[in-house]
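Down below are the structures I want you to see.
Note that subunit A is present in both complexes that follow, paired respectively with subunit B and with subunit C.
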Partner chain A sequence: MAMTTDVPERIPFWRNVKTLGLLAQIIFAIIVVAAIAILWNNVTSALARSSLPADFSWLGSRAGIPIGERPIPYTPDDTYFRALAIGFLNTLKIALVGVVLASILGVGVGVARLSNNFLLRQIATWYVEILRNTPLAVQIIFWFTAAIATLPPTISAPIRLPGGLMFSNRGLAFPAIYPGFGFRDWLPWIVAAIALYAIVLYVRRRQIIASERPGLAWPAALLAFLAVSGTGYFVASGTATIPEPLTVDFTVERGRGVTFLDANGNGERERDEALYGFVPVTVRVSEAAIETQSTNLNEQRRIKPSVLRFPVLEEGEYESFDVRILGSADAERFSVHWTDAPTAGLIFEDRNGDGIYQEGEEVDADGVGFSGVRTLLTITGFSRDLVSDRDGGIRIPNFEPVGTQEEETEEIQDAGRSGVAGFGPSSLFGSPAGASSDEEEAVLDTTVEIRSSGALVWSRPSVPVSNYEGGFRFTASYLALLLALVIYTATFIAEITRAGIMAVPKGQTEASKALGLSGRQTFSLVIFPQAVRIILPPMISQYLNLTKNSSLAPLAAYAEIFAVSAIVANQTGASVPVTVLIIVSYLVISWFFSFVLNIVNARLAIVER
Partner chain B sequence: MQMIPDRLPPAGERGAIAWLRRNLFSGTVNAIVSIALGSFVALSLFNLGRWMLTGASWQPVWNNMKLLAIYRYPAELAWRPIIAVGVLLMLTGLTAALGQRVGKGKIMTGVYFWFGSLAWFLTLVALIAWPSVRVAWLLATLMSVAGYAIGWYVPRVVRAQSWLWAAGLPIVLVLIYGVGGSGSFAVVGTSQWGGFLLTVVIAAFGITVSFPLGIALALGRRSNLPAIKYFSIGFIEVIRGAPLITWLFIASLMVPLLLDVAPDSIPALTRALVAVTLFSAAYMAENVRGGLQSVPNGQREAARALGLSGWQTTRLIVLPQALRAVIPVLVGQAIGLFKDTSLVFIVGLHDFFEIGRRVIPSQPESLLYPGGVLLEISVFMAFAYFFFTYRMSIASRQLEKELGVGER
Partner chain C sequence: MRKLLAAFVALMVLAGFAQAQTSLLDEIKLRGNMTCGVNQSLPGFGVIDSEGNFSGFDVDFCKAVAAAVLGDSEAVTYRALTASERFTAVQTGEVDVLIRNTTWTSSRDSEVGLNFAPTTFYDGQGFIVKRASGISEVSDFEGTSICVQSGTTTELNLADVMAALDISYTPLVFETADQVFAAYEADQCESVTTDMSGLVSRSTLLQDPAASVILPITISKEPLGPAVLHGDDTWFDVVKWVTFGLIFAEEYGITSDNVRDVAASAQAPVVRRFLGLDGQVMEQLGLESDAMITMIEQVGNYGEIFARNLGPDTQFGLERGLNALYTDGGLLYSPPFR
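Entry: the complex of A and B
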C-alpha cells in the first residue's frame, strides 16, 4: 500500500504516452500536409506556366495513334479515351491468356522438379534457375527482336505447321471458329439446351439417390444438351434468313472498310449507326477509285504491271465471279488474266484481241490506255455466303498499289469518299484504303473473305497478299510478350508448386501407399489436393505480378495500357492526368487480384477446419 | 548370439549402373522419358554449342566491352571503377577470410571466390588484349588477394572490420565520382555513367537507401497512431499497386513538376534513383512487416516487463529478430531490384541493358550483320545478369539454411 501512495496520481503530460502519441501524429500530419501543399503549389504553378493540360478534356479529342492490336474497332481518328480503353483491354488480353499458360507450365515444371527421373528433374531445375535469374526485359527483347523477327516473312514463306497453323515474323495464325450468319438463330437453341442440361442433371441425380445405387448423372444431361444444340445448329444453319442487301457504305480505315447502316444517308458513319458484318453484298469498284489509280500510273509512279488479287475463294465456294472492265472505248482492250485463279489476277491489254493473256501484254510501265477505265468486280450468287472480314468489316478491293506514299493514300481515300455519291444504294464502293504501308510491293491488292451462313464458321488463315487473313492471329508483339511473360512467371509458379507439394507431410504419402494407392493416385488424390491449398494464395500474387509485368510491353511494341499512356503523355503533354490514369488503372487491377485472393483465402480457411 | 558382419550391397545395387537404374530407368515410362529427354538435351546442347562457337558473331559484343561496362566514362579514367572493384573485393576477401578462421563465413567465401574469379579472369583478358587497363586490373587482383591474405594472417583486424567497410564504401564512391580538378581525380558527372557501372550503382543505392525507409514504413504500418499507420498503408499499397516501369515513367514526368524546375535541371539518374528507391522501400516494408509479425508477442511483453521502453523494445528485441528472419527474403528482393534496373531506359539512362538493346545495334558496324546482332547481345546480357543474380540466389539459399528459416 505504501508503494502505491508514492506514485503520483497523474502522469505529467510530457510523459503521457497518449499525449505524446497525439502530439507525434499532429506533427507528422502537419509535415505531410505541408509537403503535399508545397508540391501541389509547385505543380500548379509549373502547369500554369507551361500551359500543359491539367484536366481530362483532351480525352475526347482525336488520338491519331495507330494501334495494330485492337480487340474493339478502332482507327487513329478515334478519341484518346478509346485508345486508352484499347490499351486496357490489351492488358487484360495478355494477362488472362498469360495467367492460364503460366499456371500450366509452372505447375508442370514444379512437379517435374520433384520427379524421380534424374534428367527431367535437372532440366526443370535449370529451367527455373536460368530464367528466373535473367531480367524479364532481356527475355522480351530476345523473343521479340532476336527470335520471332528472324522468322521467315509472311509474304514469302510462312512456316506452315500441321493443322492449318502458320508461323512467321508477323506472328502466329491458326484456324478458329467465328459466329457466322446463322449464329443469332442458333442462340435460343443453346439457351434451351443449357436449361435442359440443368433439368436432366437434377432429375437424374434424384433418380440415382432414390435408387441407392452408384451412378453418374452428367452423361445423360450432356447427351440431352448435345442433342438439342446439335439439332439447333443444323436448323439454324439451314433456315437462317439472309437479310436483303442493305444500304451499306464505307468508312475508310487503313486497309479495310467498315460496313454500316447508313441511316441518315449522308455517306458517313455516325457513332449510332450500327456496324454490319453480316450482309450479302455486291462489291463494285467505283469509277473514281480506278481513275485515281490510273492517274498514278500515268504519272509513272508504278513500274510493275498492275496485279489484281481477288478474293480467297476455294473451288465450289462461289457460284459466279465476274470481273469486267467497263467504260471508255479503250476499255475493250483490257481483260483480267488469272495468274493463280481465282486468287490472283492481272490486268492486261489484250493486244491481239484473242481474249487470252500472252506474255508481254501486261499493262506497261506507262500505263498506256489505262486512264479512265472503270472496273467492275461483282461477286454474285452468294445467297449463303457473305463478304466480311474477321473484324466485322468488309474487305473491299484495295485498288491501290501497296506501298504508296502517305499523301497519295490520303488523296485516294478522299477520292473514294467522293465516289460514294455517284452510285445508288445497295452497292459498296471500292475504297482504296492503303494496306499496311510497310509492305513494299506493287500489287493492287484485293482481299475479300467469304463466310458461310452457318451458325459457326471455321475460318482458316491464309496469306492472300502480304499479311494473314482469316483465322485467329497472334501478332509478333503479342506472341513475344506472351512467351516471355509465361516463361518467366512459370519459374516462380514452379517454385511455389514445389514448395507446396513438399509442405504436405510425408506421412500422407506413406499412408496412401499403405492403403494401396498407386504413385499416380497418391499424387493426384492425396498430395496435390492438399498442396493446392498452400499453392493458391502465392500463385494469385504471381498472377498479379504477371499482369504488372505486362507493362514491359513497349519493349515488344505491344500497345497495352502503359504503352498507350506513354504515347498519350508525349502527345498531349498532360503529365498529371496521365499519371493519375496509369496509377488508377493498375490499382484497379491490383484490387481485383486482392479481392480474388481474399475470396480464395476465405474458402480455403473454411476447408481447413 | 553371433553378429553377422556388415557387408556391402550386392554388385548390382551399387555403383554407376545401380544409380542409372534408380534414377533413369526405373520403369518403362521412365526409360522412355529418359531416352527422349536425353536425346533432346544432347541435341539442344550440341546445337547451342555449335551456334556459340561457329554461328554467332561475337565481334560486336567484344568490340563494345567498354560501352557495356562503363559507357561514356572517360577511357583514361577507367582505372578508377576498376580500382573500386578491387576495394570491394578486398573488403569481401577480408571478411571471408576472417570468417573462415573461426569456421564460419562459408557464404561470404563463396561470394568472394565467385566474383573474385570474374575479376581474375578479366585481369587475364586485360593482360592479353586490353593494354590500357592492364595495370588497373592487375592492381585490383592484387588488392583482392591482399584482402583475403590480411584476413587470414592478421586475425586481429576483425575488430576493425566494420570500420574498414564503413571507410571502404565512401572510397568507392569517391573513386567513381571523383574529387575535382582536371587530373586523375577529375569529376565524372553522372550523365557520363552507364553500362554495368550504372546498373550496379542504381541497384546498390536502391537497396541501401530503401532498407531504412522500408523498416520505417513497416514500423509505421504496425504503429498504433492512426495518422502514421494510414499514411504508411496508403504509401505502401499505392506504390506496390503499379509496376516499377510506370513509376520510372511517372518520375520522369512528375519530378520536374513537383519541384517546379526545368525538366533538364534534374539529372536522369536522380529521377531513376527516386523511383527505384521509393518502389523498393514499399516492397521492403512488406517483407520487414512479415518479419515483425513472426516475432512472438511474448518477446515484446518480456521486454516491457524488464522495463525497456517502447523504442528500446523495438530496437533491441523485436527488430533484430524480425530482420534475421527476413534476411533471405531481402536478398531475394536485392536480386529482383538488380534485374529491375534494366527498366531505367524509360528515364533515358544508358544502363547495361539499354546499351545492349539500343546503342550497340544502332552502330553502323552492327548494321552490317545480316539478321542483326541482338540475338548474340541478348544471350550475352542474359548470361551477365545470370552470373550475378545466380550467385546471390545461392547465397540467399545458404543463408536460409544457416538461419534455419526454411525449416520450422
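Entry: the complex of A and C
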C-alpha cells in the first residue's frame, strides 16, 4: 500500500469516535424516552381501568374538610385547591420559623461544644448526642403527647403571665399588633422612611470614608427612619376614620359576631358582603348571667374536688359580680370560695360555721368532692375590648339573659341538663334562626361599638368559651412540631458549626492573638466569619431536611401540605395527582431555600485568586 | 408515610398488572390465603391482642369469607390499616377485601372505585363529651374544639352539620383513633365525634368511662360493610353472597351448633339449596358446594357474630337496633339463594 498524505482515508462511521459518541447519546435518549413512555402509558391505562382520577379537575370542587389551623380564611365550602393552599402555607409557616430558630439554637450549641467552660461543653455534647440519635417521629410524639398535651394546665385555667400571655395544653397565645384603620395612610410614610434610611446610610458612609476616621453609618440612618415613620404614625393615626359601611353583626346569646362592610345597610351580613378583619370593638352587656356546675377535676394527674369554673374575666371588665347556688337545699348547705374571682372557685360545706373556707371542707366525710352543685354567676356592667380576627370574628362568653333567669334555670333542671361556663342553653335544632317570641324576651341589653383606631391596633388574647380568641396564637400542634423540628435539626447544625469552626486553620487564631485581639474578638472577627463560609453549604441541606421533615406533622395533628394532601387523596381517590402536587410543593420550597442561600453563599465565598 | 409509599407502589404495581386479568378469587384459591384489611384499635370490631391475634365483628366477616372460599377461617392474613391508607390498600391490591368499619357512600363507589358488599352494621355518627362540660346538644359546641379522625366521612359530616347550623368550632384532626382519644383525655378538645359503634367501643378504654357521656344525637347515616376493588365482579359476588349467607343463616335459624344436623335432616328446598345439598348455587359463585356449611360451622351466623363481639353479654352491650333482621324490625334482609 502506497503512502498518501494528501488524501486521508475516510474512516467508516462505525469506527468514527465522534459518530459513535453521538449514536450512543441518541440510543440512550431513545431508551429513556421509551421507558418514560411505557411507564406513562402503563400508569394512565391502569389509572383509567381502576377509575382513579388522573387529572386535576377535582381541584375546583368543594372540599368539605374542616381545617383547624388556617393562615388565610377558609371554610369547608371552599375548594380543594384552597385547602391545599392552606396546607402549603402551614408548611411554609413551620419551615421558615423552624429554620431561623434551628439556626440560632444550632450555632449556639455548636459554639458551646467548643467552649472552655466544662459544664457548658458537656451539656452541649450530651444534647447533641442524645437528640441526634433519637428518631424525629419519637420526638414529635413526645413533645405533642407527653409534654404539651398532658403537662401544662387545661384551657379552663391557663398559665397567665403578665402582659397577657397565656399558655395551656391548647397552645400559646400572646398580645399582638395588627394593622388598624390608619395603616394604609401610614404606608407611604414607611416607604419614605426606608428610602431616607438608605440615603442617609449612603451619605454617612461617604462622609466617614472621606473623613478617614472610624465611625458607624447606621445610627444616623436609623434615627432618620424612626423620625419619619414615627411622625407618619401620629399623622396617620390622627386622620384615621372608620370605613363607612363597617358594621358588627353580633348575637349575644351565642357570644359571637362578625365585622363586615354592610353594603345594603340592613345590619345583617349577606354572603356577598365582605368580612373586615382587625377591627377594634367594645362589647358591653349591662347585666348577664352564666350558669355552671362544680366538678371533681382531674388536672395534671391530681384530682381537684368541687371545682367551679366560669370563663376567664379580667379585672376591670365588669363592675360587680354575684354568685348564687341554685336549688334551695344546696344553697343552704354549700358556699363558694373564690380562688380566682370571678373565674374559678371551690364549693365547700361550712361545717364549723365560721363562713370561711378551711382545708378539707371541699370534700364530704368520705373524702368525695361536691360535684354537680349548680351555681349562677350574675355580672353587671360587663365590658370587653376586642379586636376582630382575620375572618372578622369576635367572641365573648355567651351569657344568658338575666330577666328570665328563674324560669330558665327551672326549665334546665326539668330537662335534666345543665349549662356550664360558656355553654349557654340555646336550642338551634328546635327553632329556626330568626325571632320567636322567646328570643325576643331573651335579648340582653347589649351594645357593640367600633372603636376608632390608629395605624396599629393592640389585640389581647382571651378565653371566652374554651379556645383562645384574639391576640396571636400558636396551637399546641404547631408548638410541638416546631419544638421537635428545631431541637432535632439544631443538633445537626451544631455539628456543622463545630466542624466549620475547627476547620479554620489554627494559624488564624495564633495570628490574631499575636495582633493582640482578645479571645472574643478573635472568635467574632477572625474565626467565625471564615467558618461561616464552610458552614453554609451543608447548612442548606439541613434547612431542606427540616422542611421535608415537617411532613411528619400528622403525628402532631398539624395541617401542613402532607396532612391535608393525605385527606384530600382519601376523599377524592386521586392519589397520583395529589402525590404529584406534594412533590411539586416540596420542590418549590426547597428550590426557594436553595436559591436564597446560594446567593448568600456566593456573596460570602472567597473571591478566588 | 405509608400513604406516600402506597401511592408510589400504586404506580409500579398498576404498571405491572397491565397484563393478565384473572379474578382475585382464583388467585386467592391458588395462594391458599386471603388478605383482609382491618382495624386494629376498635374493640368489638377489629382489635389486635398482645399475641398479635385479631378479633372482632369485622374480623369475623374476614373469617367467614375465608371459610367459604378456602374452607378454613384461619387462612387469613390481616393487614391493620389506618382510615386514610385503607383505600389505597384496596386499589393497589395490598388487601383482597377491606372490612374495616368503612361507610358505603356513592363517591367511594364511583370516585374511589370500590364495590361494597351488603351493609354488615348500620351505624350513625355521634358525639362523646365529658359529663362536666355540660354539653347536651349540637349547638353547645359553639366556640369549642372537636377531635376527629382524618380521612373519614365523619370529618365531612361534622363540617356539613356545623356549617348548616352556623356553629363555629375548632376541628382537631388526627391520623389515628388512638391519637383522637388521647387528645380528648388530655382535654385538648371538648368532644370526639365518630360512629356510635366506635364511641361505644372506645369509651370502654377511657381512664374514667363514667366521666364521659355519649350524646343521644346522630348526625349521619353510616352503613358499614365490606368493600372490594371495582371491576372484579366474580370476587365481588363471592364477598357479597357470603355476607348475605350469614344473614340468611340467621333468618333460617341455622347456627354453628346445629348446621351439621340441619344439613343432615333439612327438607325445605330453600335451605337445601343454600347449604349446597341441591342445585349448583355455590358452584356458580365459584365456591365448594358445602361452603356455607363450613362457614357457619366455623364462624356462625350473623346473630352469633354480633352477640359474640358486641351483644349484651359483652362489655359493649349493644342492642341489635337497626341491625336486627327485617322480621324483628331491623334492616337485615337476604335475597334468596337460588
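Keep this in mind: the second predicted complex is superposed on the first by the 324 of 609 C-alpha atoms of A that agree within 3 Å, B and C clash if a C-alpha of one lies under 4 Å from a C-alpha of the other, contacts with A are read in each partner's own complex, and residues count from 1 in each chain.
What we mean here is this: a residue touches a chain if its C-beta (ideal position, glycine included) is under 8 Å from a C-beta of that chain, and two chains touch if they have at least 3 such contacts.
All figures in this text were calculated on a predicted structure; none of them were measured in a lab.
In the superposition on chain A, A:511 contacts neither subunit B nor subunit C. Once the two complexes are overlaid on the shared chain, A:170 sits against subunit C while remaining clear of subunit B.
Of the two partner chains placed around the shared chain by superposition, subunit B is the only one that A:118 touches, whereas subunit C remains out of contact.
Residue by residue along subunit A, subunit B and subunit C are tallied for touches, and C comes out ahead. Once chain A of one complex is fitted onto chain A of the other, the partner contacts of A:67 are limited to subunit C, with no touch recorded for subunit B.
Of the two partner chains placed by the overlay, only subunit C lies in contact with A:53; subunit B stays clear of it. In the superposition on chain A, contact is made by A:572 with subunit C only, not with subunit B.
Once chain A of one complex is fitted onto chain A of the other, the partner contacts of A:209 are absent, as it touches neither subunit B nor subunit C. Once the two complexes are overlaid on the shared chain, A:557 sits against subunit C while remaining clear of subunit B. After overlaying the two complexes on the shared chain, residue contacts for A:31 are found with neither subunit B nor subunit C.
Shared contact residues on subunit A (touching subunit B in one structure, subunit C in the other): 39, 42-43, 45-47, 145, 149-150, 551-552, 555, 562, 566, 569, 575-576, 578-579, 582. Put simply, subunit A touches subunit C in their complex at residues 39, 42-43, 45-47, 49-53, 64-68, 75-77, 145, 149-150, 154-156, 169-170, 254-256, 292-293, 295, 297-298, 371, 393, 395, 398, 417-420, 422-423, 425-429, 433, 464-467, 476-477, 551-552, 554-555, 557, 559, 562-563, 566-567, 569-573, 575-576, 578-579, 582.
Looking at the complex, you find that subunit C touches subunit A at residues 1, 3-4, 6-8, 10-11, 14-15, 17-18, 83-84, 87-88, 91, 107, 110-113, 132-140, 142-145, 148, 150-151, 155-156, 158-160, 162-163, 165-168, 170-175, 179, 182-183, 186-188, 190, 207-208, 211, 229-231.
Taken in their complex, subunit B has these residues touching subunit A: 23-24, 26, 30, 33-34, 37-38, 41, 224-228, 231, 238, 240-243, 245-246, 249-250, 253-254, 256-260, 310, 335, 339-340, 342-343, 353, 356-357, 371-372, 374-375, 378-379, 381-382, 385-386, 389-390, 393. Residues 17, 21, 24-26, 28-29, 32, 39, 41-43, 45-47, 116-120, 123, 129-130, 132-139, 141-142, 145-147, 149-150, 548-549, 551-552, 555, 562, 566, 569, 575-576, 578-579, 582-583, 586-587, 590-591 of subunit A are the ones touching subunit B in the complex.
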